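Read through the structures below before going on.
Common to both upcoming complexes is chain A, partnered first by chain B, then by chain C.
Let's turn to the complex of A and B:
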């Protein structure tokens, strides 16, 4: 079976990884890695028969043999202007090349006592206990196999620690550049975010491919949001046509805290993005917004879980898909309202525009409600561009193609409007327009 | 400017227009009146190029070209304008953006340079006075949340900015109170010139108190059964459309 063969390949990789560890072998972080590899070996990779994976065929992803990136990147990136990918003024930037931290391209000059940003390999080395305290807290017991894979290979990534009361901070930009060369690489970033009480931070996680080759990004982000802290997390995916990307973001939000996740997907041949958020105390709030615009034969799958554990919490979710050509999309949104979570207010919508006859989307809202005094709404739509609106625009002189893209942009732009960083909105607008120009609307 | 000859059109296999003849010259205002379901809106839609309708017979010559060969956007660029009975709401597209895109599409078609933001805004502000429109409506999404009157004023604003040669106003008076009606009609009158022409499609004579037509045509069951001067509208108002229904023989329109 492909699943078993893939597992064997990853195990071999893991053994090689261990050999190169030297002193770190006996660290508690590595004990965790070994445990994860063991659990993954027992669990195995999912197949289409698993309910949570029934719309996403992993065969091609698992058939590819990946190698772990070496410390020295195969491509010389020293001349790369990192501002080219996102230029939003003052910010802290950590750049990773093929998954490996590149200090020479990074800029941490605006870090302060209140905002600590470090590459994860260094933290694992110097403060392993801190790493352990921030990993696995959200979904222990329910980790999916690809998170276990990331657990097993946890080494590179970032730790963002926002001190108590720290606000008005520059955003943190995590830029993952993939060379997309001949050899498929396994890239396993782990990002740990800890926002202490009354703090606020923006984190931008961006994936860009420079080449068209295959590689596999397997990322995990874990956010710990303390009382009255606010984390705004943006994920921008601009990867190559042969890239695979399976990721999970976890967040636990304390009293009166908020976490917002804004996903913008343009790239990768196959994407699976899992979100798992727990509203862990009263008046906690979360937002999950997503825009995905697959074209050609791209496949983009979003699975979100919002767990209302305590009373008086709000969640808002809006996912929009614009699908071109033969692209496929999946949205599965689960809202769990625990027995204790009275006065929950949860809203979920998923709206999809099919811009070609051959595009396809599956949407699946799931509500699990155990409390009786709650407000939960959900809705899903799948449609095409509105004929009346098209005629209206054309009757005013706009050529058909322009009318198409004006309407498609209008549909997409709602998600951009929820981004609070103006220069980032500009970047996203441009990315949406580029996608609309590149893909034909039938 | 416009000549419609024996125009037949169907919607989903049902014939709506059954041989319409109409001739409109520059500088003229024509009114097309008729009861509900007589084909008034179909005629307006056919002229603007709505794909819903299938033309089975006849032709429409506009400025010497066969109008029916042109796409809706080509018609717009050639100076044709339809003021919609039900203007469409377009969430996410601001009114300003829409107007500017439309104006520049037409300018581009004529080989003119696109207007920049500053010049465009000056033009729109000037034209907005014509329809007494609130400036904040410019930044709102097209027609979204507009009142009935605001939507119709917005149509006339578009007409003012795009400066068409032939305007077709489809039931522009429907849903308007008397003040809004006066404002809209005033806008249309100010835009009228010896170089352009207007076709007013309406059920009621009321609008024609404000926009005085040169010719009035009565459309019944897909055909123009009677044409005359503005007095015909008054006659219709008094007699009702039953009187027109009795005019079995369609008349040739002599313009």
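Let's turn to the complex of A and C:
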């Protein structure tokens, strides 16, 4: 089976990884890696028979043989202007090339005592205990096989520590550049975020490919949001047409804290984004917004879990899909309301717009409710552009393509309006427009 | 505990009102299941060779199948060898009229409030009463016969209309469809058969009352309804069962076939013994119900009110094969004490311009679990398909659960689909509003719950709607329901 063969390949490259570790071999971080590899070997990779993976065929992803990136990137990136990808004024920037930290391209000059941003490899070396304390934001049981894979290869990535009461900080931009060369690479970034009490931070996670080659990004983000802290997490996915991307974001929010996740999916051949969030104390809040616009044969799969563990928590979730050509979209959202979580207010919606005859969507909004005094709603729609609205615009002289574009943009722009960084909104607006132009809606 | 919670506890703590065992001699096959038992059942029923083969084939498939575990229900493992697969009241000859029916049996129906004689005369409902597994009384048969309608027990149909049975049996739910359907196909004992000929509108609601009676026998019903071109039939199914301590397995299969322009309306009121307050005893209701809109402009409508059974596990589904066909599903599922319900529907859109509507209302009280699980699938060629789904849940008490798992799969861009779900409890302000106007809490809750379910009750035939409202009241004991 492909699953077993892939597992074998990953095991082999794990052994090689171990050989190159020298002193780090005995560190507690590595013990965790080994443990993860062991658990992955026991669990194995999922198949279509697994309920959580039934709409996403991993065959192509698992068939490819990946190699771990070497310390030196194959391409010379020193001339790359990182502002090209996202220019939103003052910010801290960490750049990774093929998953390996590139200090020469990064800019940490605006870091302060209140905001510590470091590349993970250094932290693993210097403060392994801190790394360990920040991994496992949610129960081990909720970690799926690809998170275990990332656990096993945790080395590169970033640590963001926001000090108590720190606010009005510049956003942190994590830019992952992939060369997309001939050899398929395995890229496993790990991002750890800790926001101490009363702090606020914006983190932008961006994936960009420079070449068209195949590679596999397997990212994990873990956020710990303390009392009354606010984390705004943006993920912009602009990878290449042959890229595989499987990612997971875990977050735990303490009393009166809030976590918002804004996801924008444009790139990758096959994408799977998992979000798992636990509202761990009263009055915690979360927002999960997502926009995905797959075209050609892209496959984008989004699984979200919001776990209302304590009373008086609110959650809002809105996912929208615009699908072109032969693209395929999946949305599965689960809201769990635990027995004690009274006075929960949870809203979830998923709207999908099919802009081509061969586009396909599967959606699975789920509610699992164990408390009685709650308000929970979910809604899902799938449809095409409204004929009446089209007629209205056409009758006012808009050409067909333009009318299409206006309506599709109106549908998508709601998600952009929830982004609080103005320059980022601009960037996203442009990206959506480019997408609509390129797609040439029928 | 607040007074409100106490009230709720008191009000929802109702005991099953229809619990009693009728003492009638029955002819029961020893417990256990193997090919010999199937041969015995087949022989006792004097079945043709092909049906026996069909049963055996299903049995062989079943042996290789595993009991499904994906549903949100929890029950001790069932020992399929510890069930007696055949039980029929000992009646030497089939009764020709009601006068020949065992008076004690009739008395049972009286206790249940189904006065068979009265119904025959007054209500205009033809009742095919099933006592355990064999039909003992069929009324209004002649009147229906004049119109060409066949409404009889399944075993009778096998004897008298083998060509129809052979043609349609298993055409909607194949024997290997799922674990319980395979089991049913192997050991089904009786059920109902309805055939509406072309162009005929059935003048009355056809109705069957099921009773599970003999201690320790599972009941495996098989219902097959065929509506020919441009015909119409409304079929009612309702059930109550005596109180007992041993869990009883009920794995029925219902198949509906609607040809061009035909319409079938299938209504169920299910009130089997739900077990006592601790969940002891009670019926396991694992049913496969499926309708096929085979012809153009055909329509199948499922309406169900589920208040009974310890565990309900059923998904009445529609395969919308014909162009412009319509599928509907209206459901009220009430769970109380330790009841578990995992129910919903499947709408498979294959033909063009097919439409489906799903309205599901779940009410959970006590320590019960209520799950809506549904699938709406639009196939590639189902241009212009339309679906609307609404699933509302109401929670009473803080120890119960309400879950919603809809699956929406769309392969056609011209399709339009909407799904909506809400979960809430009865608002204190609503109760207060009623109290303020002199309506006591019990009546207020009753009124609110009935309002919550109105959309579904409206779909039930009149006779049933009244019974359903009454049942809802009993299930949640008076005021909460």
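Keep this in mind: the second predicted complex is superposed on the first by the 442 of 442 C-alpha atoms of A that agree within 3 Å, B and C clash if a C-alpha of one lies under 4 Å from a C-alpha of the other, contacts with A are read in each partner's own complex, and residues count from 1 in each chain.
The definition used in the following text is that a residue touches a chain if its C-beta (ideal position, glycine included) is under 8 Å from a C-beta of that chain, and two chains touch if they have at least 3 such contacts.
Bear in mind that the values here come from a model prediction, so they are computed numbers and not experimental data.
J.: Using the touch definition from the top, say if A:406 reaches chain B (first), chain C (second), both or neither.
T.: In the superposed model, A:406 contacts chain B only, not chain C.
J.: Once the shared chain is lined up, is A:20 touching chain B (first), chain C (second), both, or neither of them?
T.: After superposition on chain A, A:20 lies in contact with neither partner.
J.: According to the stated criteria, A:380 is in contact with first (chain B), second (chain C), both, or neither; which is it?
T.: It touches chain C, and chain B stays clear.
J.: Looking at A:393 after the superposition, I want to know if it touches chain B, chain C, both of them or none. Which is it: first, second, both, neither?
T.: After superposing on A, A:393 lies in contact with chain B but is clear of chain C.
J.: In this superposition, which partner touches a larger number of chain A residues, chain B or chain C?
T.: Of the two chains, more chain A residues are contacted by C.
J.: State which residues of chain A lie in both footprints, the one left by chain B and the one left by chain C.
T.: Dual-contact residues (chain A): none.
J.: Please name which positions on chain A make contact with chain C in the complex.
T.: Residue list for chain A touching chain C: 51, 339, 342, 352, 354-384.
J.: What part of chain B is in contact with chain A in the complex they form?
T.: Contact set of chain B toward chain A: 48-51, 71-73, 75-77, 81-82, 84, 87-88, 90-93, 98, 101-103, 105-106, 109, 141, 158, 162.
J.: What residues of chain C sit close enough to touch chain A in their complex?
T.: Contact set of chain C toward chain A: 70, 393, 395-425.
J.: Flag every residue of chain A that touches chain B in the complex, lowest number first.
T.: My answer: residues 386-389, 391-400, 402-403, 406-407, 409-411, 413-414.
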